[in-house]
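In what follows, subunit A forms one complex with subunit B and a second complex with subunit C.
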Partner chain A sequence: MSVDVSMGIKRTLTVPGCFESLAAIADFIAETGLDAGFDQDTIFHVQMAVDEACSNVIEHAYDWQEPGKINLQCDCQGQEWVVVIHDTGTPFDPALVPEPNLNASLEDIKTGGLGLYFMRQLMDQVEFTFDAEKGNKLRMIKREV
Partner chain B sequence: MEVGITNYKRCSLVDVSGRIDSNTAPEFEASLQKLIKNGIHNIVVEASGVEFISSAGLRSLLSSVKACKKEGGTLVLATPSKRVVEVMDLAGLNSLFTVYDDVTAAVGSF
Partner chain C sequence: MDQAPIIGSANNTDNEEIHCVAPQGRLDALSVPEFEDDLRSQLSQGSAHIIVNFQDVTYISSSGLRALLTARRIAKNQGGDVKLCQLSLRVYEIFEMVGFTQVFGIYDSLEAAQAAFS
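And then the complex of A and B:
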């Protein structure tokens, strides 16, 4: 079966905000990427960035006792893949997240902020918006070279 | 994620496969910590079957290698998958781990 990707591909997924959802999120990203014709490396980079972002939502934005939902939207047009992740948890200030000190020795290394660091390394654009009524939105763009 | 453990005379071989993410990393780390608590401080992690590792997985490896070294041992990686190598490169953590291309060599290094 051939897939006509000339019109682009739009997919959406809503999952419970818990770590058990991460595998389903990865599958969603992989299927979307394959259907849109992206290569395996690009798909892996988007999977990594989305996993880190969703893990942060689950761990920091939501209360584990009453987690909310995470909504993911993919919009693939040509060589560009836009992922928007929406949650209704506690917002945060990305500017306050420390950069990991990856050049440190084993004893001194601090890995706080490693997830956000990966997102910024792997994606071409990472943009947070926070709205008290509409919730938190993370928009990331990956452009396949 | 699946973890298999083989105990040798001077080390234990931990064969891990699947995804090491925020959901499975605690179980992975617990399996390593159990070995360390039981007096096994030389560990080989065979990672050829790891299809995905996130920052949570890297943290598990880091905390475990620290724990081994604190007891006078170490944790080494054997045959890491392409994706494990890529993520460790991205994090710049290669200098903190000894990596072997061959499991026999890794086990034999102890």
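And then the complex of A and C:
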């Protein structure tokens, strides 16, 4: 079935906040990207950034409580792909995550913060906000070159 | 992930055993613990020479990279190494992004990885 992308594409997905949801999330991103006409490189980069983001939510935001939901919203307009990820877990402050030290000697590389590093490398914009009522919101933008 | 953890072992010219681990599909936060267990299991039995065959791996997340780095540290401490082979371009791109292509020995084929242990 062909998809009319002239008005852009908006898709949403809500899944349980558990690692078993990661494959479905990857499929959702791939399908959305294909329908919006993005190239394979762009789709792969968004898939990876979203996988890392959702893994962080599951591991850290929902680590101590009954897992909640993860809600993903994709808004694709022209060459721009906006992904918004909502969760209602523990507030996340990216400033508390140390940058991975990739310049350390090969034996001493510290890999904490690698997921966040990938997200920032792969996406053009990464913004975290927290609202006491609405929870964590991560907004990432990818622009196809 | 339908993982076939060990696909075989061989010996190098010094008659040291080389173990091969062959994960499949996505190495994401769901499947990495099993992959990590396979690596640890080999290393705890004294195996120091490990090859991870990426032929059937379509994706590796940061948790997979961390597992490999930990396994490499243990292997090095036991006088061995963890070498990788048959990475797809996508998976190689992930390693390259964080400079891990300089950390791990990466080979085009299983045979080349085995030969590198000699």
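The rule we apply is simple: the second predicted complex is superposed on the first by the 141 of 145 C-alpha atoms of A that agree within 3 Å, B and C clash if a C-alpha of one lies under 4 Å from a C-alpha of the other, contacts with A are read in each partner's own complex, and residues count from 1 in each chain.
The rule is simple: a contact is a pair of C-beta atoms (placed from the backbone, for glycine too) under 8 Å apart; a residue touches a chain by one contact, two chains touch by 3 or more.
Predicted model, so just to flag it, every value in this text is computed and none were measured.
Subunit B and subunit C, once both complexes are superposed via subunit A, clash. Once the two complexes are overlaid on the shared chain, A:Glu144 sits clear of subunit B and of subunit C alike.
Within the superposed three-chain model, A:Leu22 lies in touch with subunit B and with subunit C [touch as defined at top].
Within the superposed three-chain model, A:Asp87 lies out of touch with both subunit B and subunit C [touch as defined at top]. Of the two partner chains, both subunit B and subunit C are touched by A:Gln121.
Residues 19-20, 22-23, 26, 44, 47-48, 51-52, 55, 58-59, 100, 102, 106-107, 109, 111, 114-115, 117-118, 121 of subunit A are contacted both by subunit B in one complex and by subunit C in the other.
Subunit C makes touch with subunit A in their complex at residues 26, 28-30, 59, 61-63, 65-66, 69, 73, 76, 90, 94, 97-99, 102-103. Of all the residues in subunit A, the ones that touch subunit B in their complex are 19-20, 22-23, 26, 44, 47-48, 51-52, 55, 58-59, 100, 102-103, 106-107, 109, 111, 114-115, 117-118, 121-122. Interface of subunit B with subunit A (complex): residues 19, 21-23, 52, 54-56, 58-59, 62, 65-66, 69, 83, 86-87, 90-93, 96. Across the interface of their complex, subunit C is touched by residues 19-20, 22-23, 26, 44, 47-48, 51-52, 55, 58-59, 100, 102, 106-107, 109, 111, 114-115, 117-118, 121 of subunit A.
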